[in-house]
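These are the structures, in structure tokens.
Here come two complexes built around chain A, the first alongside chain B, the second alongside chain C.
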Partner chain A sequence: MNVQVVNLGEVITNENESIRGHGTFQKDGNLVSSVAGIVHRVNKLVSVKPLRSRYHPEVGDVVVGRITEVLRNNWKVDIGARHDAFLGLSAIILPGGVQRRRTSTDEMNMRNFYKEDELISAEIQKINYETFKISLHTRSFKYGKLSDGQFVTVPPMLIKRSKSHYLVLPNGVLLILGCNGFIWLSIPEESELKIKKISNWFISTTTELQELEDEINENSNKSIKDKNMDLETNNFDFYKKKEKMITKEQRLEICRVRNAVLALSNSFLPIYPTSIMLVCKKSIEENINPKEMIKQKNMIILTSEVKELIK
Partner chain B sequence: MKNISGFERRFIVSGLKENIRSDGREMFDYRDITLQTGNLPQTNGSSLFKLGNTHIITGVKVEIGEPLKDHPNEGRLEISVECCPSASPEFEGRGAEDLNSELSGAMNKIMNTNSALDLKSLCILERKKCWIIYIDVLVLDSDGNLFDSVSMGIHAALSDVRIPKIRVVPGDKVGDLEIEVFGEEESRSLDTSKVPICITFAQIDGYNIVDPTIQEESCMSSRVTIAVNKDQNICGMMMGGTSGIDTQVLIQLTQLSIKIGPGLYKALDYMTKQNTTKLNQKNNLII
Partner chain C sequence: MEYVNQEGLRIDGRRVNELRKIQCKLGVLKRADGSALFEQGFTRVLVAVYGPREITQRRKKLHDKAIINVEYSVATFSMTRRKKTSKRNKISQEIANSIRKSFETVIQLELFPSSQIDIFIQVLQADGGIIPACINASTLALIDAGVPMTDYLCSCSCSFIDEENLLDLNHLEEDSGGAIVTVTLLPEYNKITLLRVYSARIKMKNFETILKLGQNGCQRIADLMKSAIKEHTINQVNSRGIL
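And now, the complex of A and B:
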């Protein structure tokens, strides 16, 4: 694959026919790059995508955000982009799953839904490019308040946009990969799921890779269905979030996945289920405890297989 | 402190019940330590110290000055700690002022004494001239546990310091004395065998953990920092936070810090030794 990496000020091309896209400017008849990154060409449109930048939101992205303010009829959410996003009161699921008009009582009860500093997962509904207003919504059972888990941050460009960002890994860890680089790790609601030990997992051939993806999708869908139950039972239970009982083994698995994500982020490798599982598997093969995974020398060993896969 | 939700706090506390922290560490485990000395060639001694994601850079300059009136035959240390505004959002503007003075005061308290360094050996002429060791610490990146990192960074920088050899000669005018400074080859190093390091305990819901990350620091109710030296003596104690600590717990923590101290010193010494083999090939700034 031919990839052109350019640096700041490097001449990309000197054809006058190219249309300049983002990250480029014209100088002395040449098209020069204004950022350090990779050149993208679509017919005549030439643009440069920077290697490291703030999260650039797109409609339909799944993001994890932190509530910063509670306003009159919406919440302000920090998603790590250049502007804060807004989650409107009409964009959330009401307890009982009813569809009705939001009243002033709802406005008074906003803190019963989401408070300051709480983490949510949501989808970007629309972006108003004139006022830079980013609107979020949590109108599905896989979105909403995040509780009893860990929060990790990685550079946003390491997370590829894919079909599903709400994943249940085979070792029983719930992973929400926000496109903005904010990642949530927890344990899914029910244990009907097929939990398989990582040591029994082989991810060398493409058929096994497909099996892995199928299993992840199956587990993820089961988990979303169980979340649905929560909604129908009680008022506000969906938002109150009772404490989940997490066993010691489950907690160690969360630590393992967390350190795997950080190891990948450290080596600037893409973060998606296969790469995370490869790192976890390697840590078991090499007998590396989760707490030792974050050491520099171990990180190199763990990410070696992923680097091979990327090539 | 970074704000975290009640749910994340709940997760951290329930993890402590099982002796598992967010990165898999146990209650009394330190994060990975990386140490480089001699990074800044223009100083008399320097170190770049990393504890997990907390990065500290220390520079030491020795100058000749006047001793204090109540310690006429001793030199002294002047430690100043500054948290870089880029290290953390709360350090922006004047946000770090309180923290800077707290850290500087704490380090001065534990290190600027005769029991840490032989200050009498820093005297040149009684009541007139002495060596003043200026230590400047810059916190480049903060991921919690600044007390321990700053103290260990200072310890490493002091072990890298080379004080030039000097000779007092009569000056031009009668009765004047001048100080002749020799080259670097004839410099001496400081005896840092008694310099203490800090061990910080954070109390979260009754559990005491060592080396808190910035998320754990936002959950803690109080902090105890105990300074220990290589001979397993307690050299100082500092407290912070909003709630108090039981005396029994305090005694347990001091005993615990004496046990943890040797392990840390071992790691520091091992890394300092690795760096001294490269002493003759002083590199440029290595970050």
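And now, the complex of A and C:
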């Protein structure tokens, strides 16, 4: 691999030939790096990316966040970026599904929608680069309050932006991959989901991989439709915390997926459904309990196939 | 007590202008954005850096730059006698303030308006040269966190004891009653950002030579830190699946 690793203060190039990007500054006519990292060149634009950094938000990203404050007509959400994001009152789905103007009664009832310390999934609507205000919205049925599940944090660079971040894996686990590195694992609403036993997965050929991914998309779409039905029934039911009956086997599967995510993050491998499923499948083949999946030597075994796939 | 004996060796066997053994470990705390464990002889300092992130103290918010928040605390087991020092007492606050001012000169704060960068310093073992070790460790932690800076910030202590200029004092030499000079330097620009003289007075004719010795020591520490960072970066690049 041809990468140029630079240290802080190291001269990258002569300034005349290149435009300076992030992580660089001018000094004595030279382009000098201001972080320790890897040089990226796009034509004349030279920038240095540090190995570790916070989440850099972009419009359209699906994120998982935690409500930190309830303000007058919006909520403040911590998404692990340089600033907290705002979720406006006009950016959420009102009960009844009706599109109407937000009144002062709605402002009084804000805590019935989202309270402090609750987890939500949302999409970044817009970013104002002058005031650094990040605006979120939850105007779809796949976004909203998250309850009865497990929360995991990984470095944000491991999650690539893809078509869908709301996924139902074949072993019945609901996975929301936030682009900010916050991941939510839960059980989807019950319906006719095709839940396959992990031992029945065949992921060797690319056609089988494609079939599995199609299945995931199908299951995810079904789950989203189920949420829609909820909305039209009662006021605020959509926002109430539902106590789901989660069986022991389902909890075991959630733990397995969570430890798979941690194993991938430990080896700094990309996290997406195929890589997670490969790790889960390997853990069944090698008879490793979810509890033991996070041991150092087991993590190396589990992620070996994924490393091969990446190369 | 004899601090430099006839053969020119100090209490711990070093020469007059020798630095103690330096070890740097980066990324020791998984939850922090950046962290570093720095050892200079028996002095050990752990620093965690968070940021840039949302401001917690609204009153201090600056619309065009980030603010730096430094918290300096010494562990009760770090000295030769168990001693509880509060984070809020005047000495800790003064040290934290001077460290903050030094870093304001190197970190590119204009890139992060309305944000805050937190530096939490914890002294684990105190064997002389604590503040220089804190500054060196903080530099490493900031680099680990990916905070853009214009230069390294390196620091070193020196003194004039027994008619000799000593570099990098341990705590016995610091307690000797001689003046202690702490120099903090920007190695690329060769500029001093923080200079402290305390414990006693120092003659002007000795001051210049001591200062030069201190700057020299800082440059050598800078070289050691640069090679440690380079090694750490290359290891990370090699061990990662993709970037």
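Here, the second predicted complex is superposed on the first by the 284 of 311 C-alpha atoms of A that agree within 3 Å, B and C clash if a C-alpha of one lies under 4 Å from a C-alpha of the other, contacts with A are read in each partner's own complex, and residues count from 1 in each chain.
Everything below uses one rule, namely that contacts are C-beta pairs under 8 Å (C-beta built on N, C-alpha and C of every residue); 3 or more make two chains touch, one makes a residue touch a chain.
Please read these numbers as outputs of a predicted model, since none were measured by experiment.
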Is A:L51 contacted by the first partner chain B, the second partner chain C, both or neither?
-> second
So in the superposed three-chain picture, is A:I310 touching just chain B, just chain C, both, or none of them (first/second/both/neither)?
second
- Does chain B (first) or chain C (second) touch A:E118, or do both, or does neither? first
Does the superposition put A:K248 against chain B (first), chain C (second), both, or neither? first
**Asked** Where does A:Q150 make contact in the superposed view: on chain B (first), on chain C (second), on both, or on neither?
**Response** first
| message | Quick check for you: in the superposed arrangement, does A:V11 touch first (chain B), second (chain C), both or neither? | response | neither
Contact-wise, after the overlay, does A:K291 reach chain B, chain C, both or neither (first, second, both, neither)? first
In the overlaid three-chain picture, which partner chain does A:I19 touch, first (chain B) or second (chain C), both, or neither? neither
If we overlay the two complexes on their shared chain A, which of chain B and chain C does A:V59 touch? Say first, second, both or neither. neither
Residue positions on chain A within touch of chain B in the complex are 66, 115-119, 145-151, 241, 243, 246, 248, 251-252, 255-256, 258-259, 289-291, 293-296
The answer for chain A against chain C in the complex is residues 3, 5, 7-9, 23, 25, 27, 34-38, 50-54, 78, 82-84, 132, 157, 267-270, 306-307, 310
Touching chain A in the complex, chain C uses residues 27, 33-34, 52-54, 108, 112-115, 143-152, 187-188, 226, 229-230, 233-234, 236-237, 239-243
Listed in rising order, the residues of chain B that touch chain A in the complex are 3-8, 10-11, 14-15, 18, 20, 22-26, 29, 31-32, 34, 52
